[in-house]
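Both of the next two complexes hold chain A, though its partner changes from chain B to chain C.
Right after this comes the complex of A and B.
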């Protein structure tokens, strides 16, 4: 009996499966650029053995972890190394108050709501060097960072004015989790998605209520607020799935990953009943084409050469294949898939003054490979990778959905799918 | 999702087969559950190192004497010479520069200072073609202060026994000292990341040029060049003596470099590499495998005309042993293994172990068997195959490369 017990893994996060092979240390982007961080093996399973004995063994350097999950992807034994580290951080910071800076950075939707109201002023002010200097010294937000520009009109406002009323007329329907970035910074991506989905006969609807998915809240230790927002989102997703019978799709890989995988593992929220219905737009569309439920027709004179960057969380989800294969359907597109490297921004991490240099050093290899790829643009499914790459290279970055929308012959596609 | 070929396993065999197929224009997806055992490779490929404990001098000749159960015999001993040439070409195309001859083994040096027969060795690593004619008389063995994955005393002793004069020279630079703050990260792969800039390499070269004055060859632990060999070439250009690298304990930079180069080449050819996903099951129809499911693609199975099982041996979980049996966990194909667990091992960890010859059963065309019958579109390659012994015969990397290319040919010919 005792022998048989050993074949079961009793620990959380597959902790006991660690064979101390050190392979995780070879892919950690943080340990590669600083000696302040002890690396995933020491911070994760090795440190956990000590912390289990006495929580006082907690090492503050764990806050340097990006939570990029590359260690988990590399682990041949299936140990959830990053989850071990994040849970140790959570235990150590529980009940402590986050700083004003961290709270501000983490509340992407609050910041967005305020900034949208005064977008021209906010964009101008956030771009001014005196403002940047004040943020740098008072708020510890690095002065080299450019805040993504805020849009004058929110995506949801555009949607209600220009798109909402025609959506019911379509045969099929999806709900769209737009996320903060589409809503406050870049409504065009949401508009691109509506354009594609409508052309293939799908009406696009919003959730009754959507809050920021909370990925930044978790990263900044604001667990209570993250949990509250996660409950709101899952409740509304549940209604869309169960009552309206709609799959929920998102254009952000980080929102998708967070709602599917971090809600249960980091926040203890059971999403098992709806998890399969939280999907990434590229995967959803690829699947429809693959099952011959829809047809995509592309512009005949379209020609572009772009590179695809696999965001770390996208790789953790394992879905880059769908974005890549969807892009490969475009006849005029020459796609170069880049070696997977971390860009270094990891959401709000790179915005913090104490992380700026590290963040840029982490991304250096990726930036170099992008500059050398001789492409016109980079495609990636993550908006924070986009900011980082656009700031650090000479190239524009687009979501694969926007690339697809640009290459699509909308009229021909509508006809091919029998849409008037 | 439909592919021409789906390969389960992203190590040396899976990638080699994937590259060969992608080169012929096939749509290939590799499912790789984490990094592979290539991270334990110190920079050499072996074709056949030992038979019954005796070192092999001419692998091509020795292969002809192997039993029919050995993967080389299934491919056909007469085909190996041609396949070795193609494997070498594929490595070169990937940017991996190796030296060696399939008809005459040379010697590689293990981290413990033991000379072992090898077929190919990275051109910048120490290689001895003839033990009676060493490439240098006096070696400066550069030992990095605070770096423990190179057992210097044993290595020096081993080199002396081979006939070298050896000076062990301890050194450090500011970059290396800074890295010692995190002793758990003082590893070859971390060193290689911190020794990438010209300035960092210049500081290493200064140490070598100052300290290694008496030697006619400088040996440095293999802690440089995890992306390609440019850092080593840069250091060589700054150093006034011939420079060679010598393998360290894992994780090994040389293996990491080769892995990255193969993966990069595979992606350049349009292959999909799903890192961190794992195949969980397959759907069979008649004598064919129709699709496999993976943990992350979930409800979207990967369909293909052909499948290749390249998931490795026990260490990579291509094979599993519990308290009762040895089995292949993904597709449940037949395994060649003793049914009595007492027969799996023998006392003494360095003794030949029966389990290291266990693996999936195949017919003469490397088709996997399921309940004794061949699956017509499912092949096994690399370490998961039964009938060879990477530890005692020194045929692991060779079997990976040869079977990968042989299965490529079978698939292309169909």
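Right after this comes the complex of A and C.
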């Protein structure tokens, strides 16, 4: 009888399902490089039992977690280990004010807005060694880090001036969640996406309103603000999906993962009705090709050697396959898929002085394999992986969408898809 | 002191039984300046002391039926909060009335509590749901009382430590084989050393029988008769806490009506069944007991239905027949102290029994008073005011610890109080976790093995909580066995110990082996038998149960 009454064990984040097999700890990039971090099993399900007894048992070592989610991918019992750790951190920081440094790092869009206005100055200033030294000592932002350069023109400004009015003419439509990086630092990626989507007959639209997805806010404990922004985003995504019947696509794996999975689990925001319609551009395009709804035609003379790096959040979603297979459609591309390893940056984590050495130690194996790969560039779906790899290796890094755009024969593709 | 020297020494008093009562008596005797020896046939706290709820009663549970026990409980409760801080978690308790219970009983209950001097505040059901969200939300009444959680293993060890600091000697794994009597006077005991197979004798002017339910056998060896009435109770341990306050049913005591948050787990119990004295060593939990416990438990806290049960265990309450009624119909739950000189004409022999773990200190005081009366010692009892080792005034507190110590160090402070300062923590190895579920470090294992009389992994578990988490020893037992093998330079012994420990863990898991607990056990078996071949390396056939 008792056995029947206990037909299932329910617990938050499935923490009771943990059988202590420790596989998660063996794949944890942090535990691999430092004894200061007890590993996901102890920090997650084990520590949680103590924290249920008394929140005072919160271990400050949990701050070392990258939230890369590799533990969750490895867990054979479906325990949401990283979520347990993130929630413990959330409970421990509730009501506490984030430091100026963390607030600054987390507010990627605010910083971007200001920097765009004074881009040449900002780029020059942030790059200067005296500035770096001040940031290092006063702000505890590591001096080795270079802030990504700010663009003079925001993506949205470009879009409104040069792309917006043509978009309605297409047969099919998508909404594009560009994210902070495309908007403030690297509009070219957004332009590349518009170029590809237009070539296959899709009009690209912006959401009525978009705010930073908040992945850095969550990581830095600014939950209230993250929640406000998430509500704005989900409301606008909901309108795009339900009223305009458009799938929302993004070019950043972290924005995508955050809006699909962290909104409900970390911020308690119900996105179930639109979650399936928040997609990554590479996956969206791959599926269109796979279902023979569109055709891609590539440049005849295109030839490149590229290595693909799987970002942690890509691995958590299990979507690296779509980016890889999409790139493999390019006949002239020699694609080498790297071992799935964490690059160590984890968004703002690696920017913090206290994490710098650990961050580099975590990425060391990846950097080595990139240097040995004999390729011209690295492709990855995550912008912070890009910064980290560009800083730590001699190679440039591109989003697969940019690689695709570069290889695409736009005219031939338009013809193949019947676009005038 | 070497064991062989203990055998030669003449003691003032020998105490039989290493449960809370024996340890408390040993401490009291030692503090009053007596030369004390305590003997225990297994490990300390293996009997009823280690097989109960871990509930520090306010006495409220006994208020209606047994006012005297209730008064004793509340008085000891307040004392233990002072002297045993590191063993006590001040959770407070609720007595809840469910729709199927009579709300009238609440009035009777509160009045009885007031008569016994127990603070009992009727609170709004809504308030009860707020302060203890795990409680059955259908409750129609709630009373808040000063119940708490207590760790009986730590409590016993702290008493033994203090006894030793005051000159007492203690021997575990020494079983009493006979009582040495000379002209109607008990002069000592014949012992069997289970660790090396030796038969020895120890001598004292007075022997105190504090052997709990097994006290009947000890008395028999001395030729006197005590009628014990063993009442068996089974309990279930859940993998983590669902509640942070003790929750009781506000009704006449019945099956499974108390849920106690103990350390990282919570425990529901108990059943209550009279059993024949011959079966007191059989602690297997039956299917029926598990069913009753869970069925009733979910009424207190519905989430128990979906929470993993990691273990089942049972214990035996040592109830005693009143001396004027040998038939056993009138059974006392109170403390019974028998001076066998007055009762049976046998000098130098005292039995202290009945009572509860909760009142162990008072039992120790009463027994020590009887010993001192015989020996002409007039020193006053100080056990009610002098803190136990670990609980001194300046013992570190949890909140202070948060800032300065690692997780494992904090867990150790939670277990050992100020004695955690004795645990080595100067390097990465000492701070490395052996038991990740319970936060036990290499340093703590060293401390326990070298200073807390640990002979095997089961002993180690009682001193540190190694192997008490949800994996029930899967990871930690191997690491701990390796450390013990290293300390003793005995690999084979460590392997045997490991196999015996895993076997002991499985026994408690077996009655509740379904779902995730079964998956856990299967993984353990796959690792140790399938992968490491431990069952091939160690032949467990015919091995005695490890205690």
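Quick notes on this one:
We take it that the second predicted complex is superposed on the first by the 416 of 420 C-alpha atoms of A that agree within 3 Å, B and C clash if a C-alpha of one lies under 4 Å from a C-alpha of the other, contacts with A are read in each partner's own complex, and residues count from 1 in each chain.
Here is the rule we go by: a residue touches a chain if its C-beta (ideal position, glycine included) is under 8 Å from a C-beta of that chain, and two chains touch if they have at least 3 such contacts.
Keep in mind it's a predicted model, so treat the numbers as computed, not measured.
When the two complexes are overlaid on their common chain A, residue A:72 makes contact with chain B while staying clear of chain C. Of the two partner chains, neither chain B nor chain C is touched by A:211.
Set against each other, chain B and chain C touch different numbers of residues in chain A, with B touching more. Once the two complexes are overlaid on the shared chain, A:103 sits clear of chain B and of chain C alike. In the superposed pair of complexes, A:46 makes contact with chain B and with chain C alike.
Residue contacts after overlaying the shared chain place A:340 against chain B, while chain C stays out of touching range. Using the contact criterion defined above for the overlaid structures, shared-chain residue A:316 touches chain B, although it does not reach chain C. Applying the stated contact rule after C-alpha superposition, one finds that A:232 touches neither chain B nor chain C. In the superposed pair of complexes, A:11 makes contact with chain C only, with no contact to chain B. Of the two partner chains, neither chain B nor chain C is touched by A:156. Touched by chain B in one complex and by chain C in the other are residues 3, 21-22, 35, 38, 41-42, 46, 77 of chain A. Those residues of chain C that touch chain A in the complex are listed here as 239-241, 244, 261, 263-265, 287, 290-291, 293-295, 298, 303, 305-309, 398-399, 401-402, 406-407, 410-411, 428, 432-433, 436-437, 439, 469-471, 474-475, 512, 514-516, 519-520, 523. Those residues of chain A lying in contact with chain C across their complex are 1-3, 5-6, 8-11, 15-22, 35, 38, 41-42, 45-50, 52-54, 56-59, 61, 77. Residues of chain A touching chain B in their complex: 3-4, 7, 21-23, 25-27, 31-33, 35-39, 41-42, 46, 72-78, 276, 283, 286-287, 290, 315-321, 324-325, 336-337, 339-340, 365. Listing the residues of chain B that touch chain A in their complex gives 1-2, 29, 33-36, 39, 178-182, 184-185, 187, 189-190, 193-194, 227, 250-251, 256, 260, 263-264, 267-268, 272, 274-278, 294-300, 315-317, 322-323.
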